[in-house]
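Comments concern the structure below.
In this document, chain identifiers A, B, C and D correspond to the written order of the chains, with residue numbering beginning at 1 in each.
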Amino acid sequence: MVQFLKILPISAKIGTVTVMYPYDRPLVTESFRGAIEVDPDKCIGCGACTRICPPKALSFIQEGETLILRYFVGRCIFCGMCADTCPEKAIKITKEFELASDQIYELYSDVQHSLSICRKCGKKFVTRKLMNKVKNLVKELPEELLELCPNCRRIESLLRTTTTR
Amino acid sequence: MELTTILAIFLSISLYIFIPPILDGIERKIKANIQTRYGPSTIFQTWYDILKLMSKELIISTEVRYLILPLSISITLTLFLAIVVSFYVASTKSLLLPYYSYAALFLVTMISIHALHLLLYISSANLFSIIGTFRIISIDVANEVSFATFLVLTMVSRYVNSSASLSLFILSFIPLLIAVYVSSRRLPYDLHEAEPELASGSIIELSGPILGLYIYNHLLEKYLLTSIPVALIMLMFELNVGNQSIHLLFLHIFAAIIYMVFSIVSTILGRSRIDLAFKTLILIYSLAIIIWIGVYIFEQTL
Amino acid sequence: MKIDTITNFSEKDLEKALSKLKRSIWVYHLNTGSCNGCDIEILDVLTPWFDVERFGIRLVASPRHADLVLLTGPITVKTLSKVIKALRAVPRPRLVMAIGSCAVGGNIWFESYSTIGGFYKILDKLHEIDVVIDKVVYVPGCPARPEAIIYGAAILLGLLKPKKHYKRVEA
Amino acid sequence: MYTYLSKLCNVDANGKFNEVYLNEFIQSIQGMARIEEGGTDFLRIVVLKDNLYNVVEKLLKIKDVYLRTMVSSDERTINGFFKLYYIFGIDTLSKSVIVEVPLTENDLIVPTLVNLVKAVDWYEREAHDLMGIKFAGRNQYRFVLPDDWPTDVYPLRKDYAIQDLMKLYTPKVIERAKEVEAEAVTIIPIGPYHPALHEPEYFELYVRGEKIVDVRYVGFMVHRGIEKLGESMKYNQVPFLAERICGICGFVHSTSYCQAVEQALQIDVPERAQYIRSIVLELERLHSHLLWLGVAFHLLGYDTGFMHSWRIREQVMILAELLTGSRKTYGINIVGGVRRDIDEDKIRKSLEVLKNVEKEFKTFIDIAVSVPQVKARLKGTGILPKSEAHALSLVGPTVRGSGIPRDIRKDYPYAAYRYIHFDVAVQDECDNMARALVRIDEIFESIDILRQLLDKLPKGAIAVESWDPEPHRIGIGSVEAPRGEVIHMVITGIYSPYRWRVRAPTYQNLPAVPIMLREIELADAPITIASIDPCFSCTDRALIINIKTGKIEGVPLYVLSRKKLEAVR
């Protein structure tokens, strides 16, 4: 009959469980995935992360001579797929969750890459860093061929094979 | 009347004006503790809420235009009641009118405040508000009649018999407290504001300063309600502990204690349903009356 | 419902009202097609472990009583009209906290045919029809964890300064 | 297979009967349909639309058959047909029967099955709106899409890419919705923004005094076009999308999707991954049921119960974050396994938390259920008779509260549930209290299951190394969510699913709400609606509707279009 009164001793025993955040430490565990951080030194602008990102929070934007890897934390779902995919391990998952802001533009962060320009047609195609990386990796191809955009390269290599024959 | 008494009355009235929101703050704190949380940081939280509401934009939709009138009258009446109660307790020795006329005055004023609130609720054309109003009416039908009945019975058990009967007094006073509890619209019976189905029900359309005034009025009324039975007891038992100002102090302390007990009870109960509530109330009150009559007859035959 | 506003809400009134809000904020929860993740985190913020009543925050059932609208979800086309109706019902000062990736940037469905894709996209529309929003705070997170919501509230109340800023670095 | 069921509810005889009858059924439909064995899990029957009614009528003679889902699919690019898949389940045989109906583009009119299977109602209306398939003899009006949606644009057809649809329709701000005329009864709107719902949904309660006489549900406000979006995403991006169908039971959806793809492509998931999936699924059930109890107490006005059950729940949330890295949308499912491992330290911590939760919950729940108002308002309200529950093909605690022991974990074992022992909680009272008690029992059962899983966790890899997609294969994944059965069907494509169909439990359970609400008090409406644990964001993933204007009126759409056709001729 009066069993519902028993909640009072239970409450008295437990007291308050409130965590006094922001004056106290938050209840974040060691495996929490927060916002990501792109290491500008390691990032080569290959775009693997932009292709895997489910909500397209990471995207490329071309601005004149530069290619911008834009991270919009307001759209990020904190899945960490980009960090798993990044070939250069340039993306780090932090425990940051205090991201609130009163301006939407504050939620963007950009990594700016300079683009390499095709020697022949002047088209901008990949980032310089990716180009350098490829140059180091692929030794057998001549350097001047690598500095052409895919289209020009096809034509150039075709021309070369015909001339050598 | 002495100067100290006048000062005490003045103090009591100002207590009536300032204390209800603070009591509500304490109630919220108690509630939070039972729910194992921290609750509001100060007991002045309700005051801050009311002051904030007063500074907000005033929106009055065309359908609730006339609500200011009942609200202002009801505030006036509540303050009037606070003054009357203070005077009444301060002058237990030299009452102007017989005690039962004061009881009748309290009762009539309380009921008219409730009626004005009904007017306030119904003046909004919102469906939820109207349903809420009808719920209050059906509860009040059961409750206010018994409120009056037990008020009478309490007085009867003290005076009509040649000697005061403590058992009769308790048997009528406890149902009176229940009636006060229901009248103050605490949890199992706050059906007009039932959040889950009615979305704050009867006050759904009020906003800004009007809401602030209403909340203040409601709190004041709640505190007055709890202090009325205390005041009546003090009169009936011809309490005499020296100075009149101590009487007033007693009044406020006991009222606050009852208020706190009420708030604990409301925290550990769920919300009733209108048909259930009506049935339970009728059942409790009729049982109480039957028992009272039974004991009365039993004592008479002895 | 036709609405007549009696008072003229001036800048001075606004300032006064905003200062009062620091101690007491009543919130109205507006789900605009969210997945429920953020919504239950909002409830979580009200429950014992995080209890925001210590900031004077209280959940109310009617937008008429509210100061702050907790907006979750990407605003589906179907809810758009209702959202605007609810926002208009809030008396000024009218604050909005866009909670979760959906409300901030449209999340995974920002390019779907049936969502607007974030609160910032309807700001212009609100301006057009004279629904003034006095302050907006965006709280990212999917779902925004309770601490993040409290952090957002702290920024809104002016207890903390936002630490996330636009950053552009050379690779 | 029958052993546990015979122990549980004495259906041994039915089981044997069914097996015999299934063979008889296959014999009897010779000449009407072509039968294709689709592996051990399901039986595929290809039927021409003229024979559909007869075949389904025969199929329904098997005991305990219920409609699991119906999928409409545009396969013109594969084989030139539109197709309908009716997926039926036979609990006692752990087998699904897929009835497949190919349709040519010129003739999209199919006989309706609504007289045979009540549950098919919504599916047919949805197929009409999104795929443009017409059902003969049905009053078809706009069910899912807004009224001002352009006619002849069916979003799920392959003619439109997701970006094109955006250009075809621009939302308008409607300032004031037209009020429905009231007559003898008062119409109480619950929603779309209403404190009892927490989600934008709309119920119209027709009341006389405070008694509810009728109910109309107009929902589908949380449409986000998920199925269409999924078709434009890569295989391993879809689990994250699936998880965001619902923030409470998201992991259920991603598991279900992964299982469907794995079944279609015959990927063998490592045992450890299966265990980890089960562990997270049970954690989700635990927190979801605690959440539901809290919300139920709040709806009954018992806020202290709400606070206490959420206090207990918070420990589960912290544990979930420790195991997966996120509090809710866990993001650890990918096709072929999981992304995060559970180590010894985490197992130890989990067991500690579980012990604590069990102890605290046990003391709390006895007190909470004994509160007079809670007791009075749960008992005897929201009655859902067993016969109705069966006819509507309901799932989850809703159906178990009406005495039918339907549980996907037992009936169609998946992940690690085949390796462990547990009982299915069933109550026979059919009221709100029964459904609450089922959930309370399941909380204890979940804790027990979790202990077994953590104890038995095998060693090994947590995901397959690699796998190759193979187009145009069918897979079904079903999972017992906290709210009931979730079923996903995937037709595979090259880089992304060709067709991905989601059916959430609330979709199946919502038609039961009007039955439960009839003749009860208005005050009990919120708790009764909540008693099926509705999750509208799950239900509406592919649907939209206009509020209040969804009234049945005028000429059926298919008649209109036929008239148009005649005019053209």
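The working rule: a residue touches a chain if its C-beta (ideal position, glycine included) is under 8 Å from a C-beta of that chain, and two chains touch if they have at least 3 such contacts.
Note that the structure is predicted; figures quoted are calculated from it, not measured.
Counting steps between touching chains, the shortest path from chain B to chain C takes 1. Of the two chain pairs shown, B-D and C-D, the one joined by more C-beta contacts is C-D. Chain B and chain D have centres, each the mean of its CA atoms, that are 49 Å apart. Taking the mean of the C-alpha atoms as each chain's centre, chain C and chain D sit 31 Å apart. One inter-chain figure worth recording: chain A and chain C are separated by 28 Å, centre to centre, where each centre is the mean of the chain's CA atoms. Distance between chain A and chain B, defined via averaged C-alpha coordinates, is recorded as 62 Å. Shared interface positions of chain C, defined as residues touching 2 or more other chains, are 47-49, 51, 54, 61, 107-108, 111, 142, 145. Across the assembly, chain B contributes 32, 34-38, 195, 199, 268-269 as residues in contact with two or more other chains.
Among the residues of chain D, those in touch with two or more other chains are 195, 240-241, 244, 304, 307-308, 311, 314, 329, 371-372.
Under the stated contact rule, the graph of chain-to-chain touches is complete, every pair of chains being in contact.
On the chain D side of its complex with chain C, the touching residues are 146, 155, 162-163, 165-166, 168-169, 171-175, 177, 192-193, 195, 198-200, 220-226, 228-229, 240-241, 244-248, 250, 291, 294-295, 306-308, 310-311, 314, 317, 327-329, 535, 537, 540, 544-547. Contacts from chain C toward chain B in the complex involve residues 1-7, 9, 13, 16-17, 20-21, 23-24, 26, 47-48, 51, 53-56, 58, 60-62, 64-65, 67, 89, 91-93. Every residue of chain A that touches chain D in the complex is listed here, in rising order: 3-4, 6-7, 10, 14, 17, 27-33, 52, 54-55, 77-81, 84.
Only residues 4-5, 7-8, 11, 14-18, 20 of chain A touch chain B when the two sit together in their complex.
Contacts from chain B toward chain D in the complex involve residues 34-37, 127-128, 131, 187-188, 190-191, 194-197, 199, 267-276.
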